[in-house]
Amino acid sequence: MKSIGLIEVSGVTAAVDCLDIMCKSADVEFVTWERKLGGRLVTVVVEGQVSAVSAAVDNAVANAIKKPVSHAVIPSPHEEVVRLLKLSASRIKKKEGTK
Amino acid sequence: MKSIGLIEVSGVTAAVDCLDIMCKSADVEFVTWERKLGGRLVTVVVEGQVSAVSAAVDNAVANAIKKPVSHAVIPSPHEEVVRLLKLSASRIKKKEGTK
Amino acid sequence: MKSIGLIEVSGVTAAVDCLDIMCKSADVEFVTWERKLGGRLVTVVVEGQVSAVSAAVDNAVANAIKKPVSHAVIPSPHEEVVRLLKLSASRIKKKEGTK
Amino acid sequence: MKSIGLIEVSGVTAAVDCLDIMCKSADVEFVTWERKLGGRLVTVVVEGQVSAVSAAVDNAVANAIKKPVSHAVIPSPHEEVVRLLKLSASRIKKKEGTK
Amino acid sequence: MKSIGLIEVSGVTAAVDCLDIMCKSADVEFVTWERKLGGRLVTVVVEGQVSAVSAAVDNAVANAIKKPVSHAVIPSPHEEVVRLLKLSASRIKKKEGTK
Amino acid sequence: MKSIGLIEVSGVTAAVDCLDIMCKSADVEFVTWERKLGGRLVTVVVEGQVSAVSAAVDNAVANAIKKPVSHAVIPSPHEEVVRLLKLSASRIKKKEGTK
């Protein structure tokens, strides 16, 4: 996995808006989302080259319809982090019938 | 996917009311809903031509029995956003036995 | 689908009480319920002729052991609303082994 | 179904305590429980003759380690209420391999 | 089932700490846990002889890294309580492939 | 199972950051995570030699983008604690198709 970016915001509307901003402003791909943490929090995870991920996250933080609660860019995620994210994404791969 | 509209409101009653208003006031279709975010929040997503989606969302915001917490219109959603929404809608397609 | 009535109240006890009041005070049928929205909120949906649904909802609002958080009567729900409610009810039909 | 009693309290510990008190103080049986409403609320439902259910609920309200948030006795539940409770209990019947 | 002990605390970390304390301080066994009640609450249930269960719960209350929200010892649980706990534990038995 | 370390923090972004810090600062492995407790809480569990686990947890507490809500190191977890954690991890093993 390449670099990863994480954005956490209140509600699906703002999360979808963040993902749209990120993907339009840099070459990043959607990895997974988590949305049953309670307190209306939604996490969106993207991956790409580190410069693209940084630009994407910066743009979402600056321009989203709702200010993100937290965000992070992890340039070289440890393989155990990749493992956790693949687990989260596995239900997505399964639904899409790929991999 | 065409343009998308998102409305987020507290409770299923208001969410159903919003969907009814949106579909009666413009030519939009129900795409998916999310309702396990906690804090009673319910998200309804519709799609259609951009003018129809805008009219639908405006009408719901103006006339719903409860003021929506947030709303957005995304005229040309990025393909990764379409992918996320299709994932959310896949459990619906599955239940309806279509696609 | 006929007219629909929605009642939203805090807790299963009050929701069951509302359903009992609605069904005893007018000719309405249980359609579905939602109870994982967080914040203890429970939504009960019934259907019937518009006059019956109105009477049922009014009675529940007036006589329930706990004041409902919100309620609505939708006389002629749009087909997309019917679709959303059928999705919600599909897990019920499945459990009951009918339809 | 006979008369039903519902007790709603914060947490599984107090809910289990309520059920133990109810079953020891009157001839009632466990029907179902709901515990994913958010806000730590747990609902326990019992059934039996109306006098037994009333005594059971009264005892739990008076003696539980935590004061119940709400409670109700429904002497003659409408058949639609019985249907809703059977739906809630169906996952229990399924796990116990009976019915 | 023998006597049961219940401990309820905020978060999985403190719940795991409570279970470790209970099992190390007395001859009790893990029965089940509940962790989707909302509000971060986690319930841990153990069983054993009444003196062991009492000692275990007392130790956890006194020494846990976070003060439990509630706790209880039920020396002779009613068979309906045993039934509820077995239901809760059935997903565990299933995962462990035993019984 | 070796020693275990637990970190609990608000949100998936901070939890992923904690896991990355832990795995990069000491020789520990990801065991499981819990993320549906409500209140946005996410628990990450790692295992390893006691000195590695201690260093990992200390580093995450000191350097995470968000201060953890709670953390613990259990040098010699009781077998019942190992059993609980294996249950939590079993859905992970299942998804990864191992064991």
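Letters A, B, C, D, E and F mark the chains as written, and numbering starts fresh at 1 in each.
The rule is simple: contacts are C-beta pairs under 8 Å (C-beta built on N, C-alpha and C of every residue); 3 or more make two chains touch, one makes a residue touch a chain.
None of the values given here were measured: they were computed from a predicted structure.
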Point to revise | For chain E, the least number of touch steps when starting out from chain D | key: 1
Point to revise | Farthest-lying chain, centroid of Cα atoms versus that of chain A | key: D
Review point. So which chain is the furthest away from chain B, centre to centre on CA atoms?
Key: E
Check your understanding: Roughly how many whole angstrom separate the Cα centroids of chain A and chain B?
Key -> 21
Point to revise | Cα-centroid distance, chain A relative to chain C, in whole angstrom | key: 37
**Study point:** Contacts with 2+ other chains: residues of chain E
**Key:** 36-39, 41
Study note, to complete from the structure: Per the touch rule above, chain E residues touching chain D in the complex are 4, 6-8, 34, 36-39, 41, 43, 45, 69-72, 74, 77-81, 83-85, 87, 90
Review point. Across the complex, what residues on chain E touch chain F?
Key: 11-14, 16-17, 19-20, 23-24, 29-30, 33, 35-42, 65-66, 92, 95-96
